[in-house]
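Dropping the structures in below, format is structure tokens.
Consider the two complexes below, in which subunit A is the common component and subunit B and subunit C are the respective partners.
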Partner chain A sequence: MGCTTADVVTALRAAAAVVQEHRDELVRLDQAIGDADHGENMRRGFAAVVSKLDAEEPETPAKALKLVATTLISTVGGAAGPLYGTAFLRASTAVADLAELDGDAVARALRAALDGVVARGKAEVGDKTMVDALTPAVAAAASSTGSAAEALAAAADAAAEGAESTIPLVARKGRASYLGERSAGHLDPGSRSTALLLRALADAAAKA
Partner chain B sequence: MTATGRVGLVVVSHSEMLANGVAELAAQMAPDVAVVAVGGTEEGGLGTDYGAVVEALADADTGQGVVLLYDLGSAKMTAEMAVESAEDPSRYEVVDAPLVEGAVAAAVKAQGGASLPDVASAAEGASGETPVAATSTTSSSSTTTSPTSQKPVLHVVPDAVTAEIRLTNEVGLHARPAALLTRTVAELDADVLIRHADEEANAASVLALMGLGAPGGATVTVVATGKDAAEAVRRIEELAERGFDD
Partner chain C sequence: MKKIINDPETVVRDALRGMRAAHPDLLTVYEDPAVVVRADAPVRGKVVVISGGGAGHEPLHGGFVGRGMLDAACPGAVFTSPTSDQVLDAVTKTDGGAGALLIVKNYTGDVLNFEMAGELAETEVRSVVIDDDVAVKDSLYTAGRRGVGGTVLLEKIVGAAAERGDDLAACEELAKRVISSVRSMGLALSSCTVPHVGSPSFELADDEMEIGIGIHGEPGRQRVPVGPASEMVAALLDPILEDLPFASGDRVLLFTNSMGGTPLIELYLAHGIAEQLLADRGITVERRLVGPYITSLEMQGMSLTLLKVDDEMLELWDAPVHTPALRWGV
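And then the complex of A and B:
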């Protein structure tokens, strides 16, 4: 059973709601090691995504993902804009003109998203960034052999673990890297938002 | 688009004020270069706006391409995305350069009609181009230092064409006159050093010239080598006689 365009749109709206809910938490995380704007930037970006989805109905899952990408790039403001924008854009390209997404398509989309983020931000695993959440998520989705919902659930679980793993790390990329050793002991806000997004998409897919 | 157009500059900053300030400074050195500032989010907050950078690229491109400079990491990513989304990304180059020094160096290079790669490398090479410190101690500690320890350590330049030149303008080798001097010799096949007091600077660098702190009324020494050395000295003399058009 695959995810139709309508399912994808529903999942993206759910992701936007989760970002809205967790705005303050992301602000707090970013306050500790960054410039405290991640929560508000993400809220603003996904609020704009919802407005776009209200205004136009994407015809395919790929077009829905592309709409998210272009909206985030233009509205987020901070580093998360180009990074998530690139992730959604590459994911969109990876699923091309499929009418429905199965588990395999989800895995490919996540792989493409990760490659895009790495190309854009030049971060590696262990740098204390969203790559630490996305990398295990990609691996988990790839080894899941079930539906889109199952692939996303596996990815979400792995991303949550990956995000937690950033706590002891010393940041080597982004604003937190300016803090050096002092960045250790804090959860990376970008990895947290990645885990939140994947969990929201997975929960929505499970209900579809 | 004209064949005689110059490479344009786009300054991408998280802050609109910072972008405007850098662009203002760079534009003063290079009156014929399109220097476009883009900073802040659509709502006027701190951040970078992808759409605005795309527009700035179009505004700055007069046919010879555009060099983009940025302040912080995410501004670089936004700049790179704007370049990648362009019809012909090879016309644009995002450079790793100190924002202020890089913008000034790139603007002056572009004013001289340099190509995109040359303007980009001028920006990238802009760091650390300070005057050669000819004295090992600063003037503030000079009372405790014997005069012999402050002997100038200037380059020995064999076969150079040299001239003593008095700066007849009021401000000396300040920003605009320094830029004028750099532009005057930029197209010549000559290496030109300017010496003032116990320091020397490469005339190719506006910032290094400014760093000499040569005031109006001061006398500087021009040391030129290369095929066009004599012409370089002649042009600088002429410029000084005109009071740097002040």
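And then the complex of A and C:
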């Protein structure tokens, strides 16, 4: 069974709620090795997404994803705005005309999102960024052969592990990289928000 | 947290409204998206110089908007880069038909958002990235050096060049020359509190200072016991001098900056020491700037910036400027 536009919108609202819930946690993670703005920036961005979704009904999953992209780009700021914005924009393009998303479409969307993030941010696995969560998520979704919900669940599990894997790493991108060795021992806030978003999308898809 | 604010959510907007009220002759202030524009924009036929960055560094950048410096500034949330929409809007509002030079401090978010705006703009846009902070050692393993105090000098000098009618290519070339000739380093005696966080960005004991800080309350490279002012100034100046390097016979502009919470009495004291150390090395201080010009909220601390100048840079530094934070020659 595929995810309809309504399912996608429900999942995006669920993602926004999770970001709101974890705002303080993301602030704390960023306070430790960055500049303490990630939680608030993401909260502001996803609150704006919810307002947009209240005001207009996207016609396709791609249009819903594009609405998220343009809203995040214009409201989040920091590195997260362009990076998440690019991720959702590429995901939207990848599922262009589909009325429903199956597991294969989810895998393609995630792959496109990762490619976009890497093209813009130029981070690699091991740099202690969201790429450390998104890369294994893409691989897991690609090897899942089931429904959209199953692909997202596999991606969310892999992203959670990927996020945890950033703890011992020394940051090589973003503001945490200025700390050098002192960045080790902390969970990367960007990888955490990526894992949270994928978990929220997966949980919503499972209920759809 | 004790601050003169109403609501952490509206700090930047409320401050912009105050700025509008304070400088109606100099600035037009837009709120959605937030852009500070010089009152007489657009100036026909002039290259526009635009910068921006997170709020919390005041007077940078909005305080440098006006004749002879910036055409527009885009303030983000506190310590957060502006969005690409803001930058694009600044370009559109000021476009005088001669192109736009974007001055970008080297932080991942700033670089990404200015880059996206440049891709979307319909006018010709060039960007320069300033990365003058010598505290960030190895750029192979980091996001690269941060843009700090040198930004103020860059905005003044390039702003003057644009004002006298230099074209976009000339402004870009000059900006790159300034960037390659300027170095900075800062230290903190206390942390700062971001309004929407509510607690200090890092903890420093009463007898400790943090060397090599940036301007976002991020910790520095090294934490050491507080010593006398002479040691503090040397701890900033020595790495700067070694880095470019600056040598006997060089002519420089020395910029002694407060991080926001350090009073002028201490800043002048430190500036005097820096002048003496430079004189001892045979380096001639041609111009000076002393004061809080690129700050980190209420942080106590200072930074030093040294620019190796040539005659053209001095002429442009001395050129008239009329902005909320810098004004001379008019």
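Here, the second predicted complex is superposed on the first by the 208 of 208 C-alpha atoms of A that agree within 3 Å, B and C clash if a C-alpha of one lies under 4 Å from a C-alpha of the other, contacts with A are read in each partner's own complex, and residues count from 1 in each chain.
Simple rule for what comes next: a contact is a pair of C-beta atoms (placed from the backbone, for glycine too) under 8 Å apart; a residue touches a chain by one contact, two chains touch by 3 or more.
None of these values were measured; they are calculated from a predicted model.
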Put the two structures on top of each other at subunit A: do subunit B and subunit C fit, or clash? clash
Looking at subunit A, does subunit B or subunit C touch a larger number of its residues? C
Examine A:Gly77 and indicate which partner it touches, taking first as subunit B and second as subunit C; both and neither are also allowed. both
A:Gly34 contacts which: subunit B (first), subunit C (second), both, neither? second
Thinking only about the overlay and not a real complex, which stretch of subunit C clashes with subunit B: 185-193, 221-229, 275-283 or 293-301? 275-283
Shared contact residues on subunit A - subunit B and subunit C: 37, 41, 73-79, 81-83, 120-121, 173-175
Please output the residues of subunit B touching subunit A within their complex, sorted ascending. 41-42, 45-51, 72-74, 77-78, 80-81
For a test of understanding, state which residues of subunit A touch subunit B in their complex under the given definition. 37, 41, 73-79, 81-83, 85-86, 120-121, 173-175
Residue numbers on subunit A that touch subunit C, as the complex places them: 27, 31, 34-37, 40-41, 44, 73-83, 120-121, 170-175, 177-180, 182
Please output the residues of subunit C touching subunit A within their complex, sorted ascending. 33, 54, 76-85, 107-109, 112-113, 115-116, 135-137, 141-143, 146, 194, 196-197, 199, 201, 214, 216-219, 221
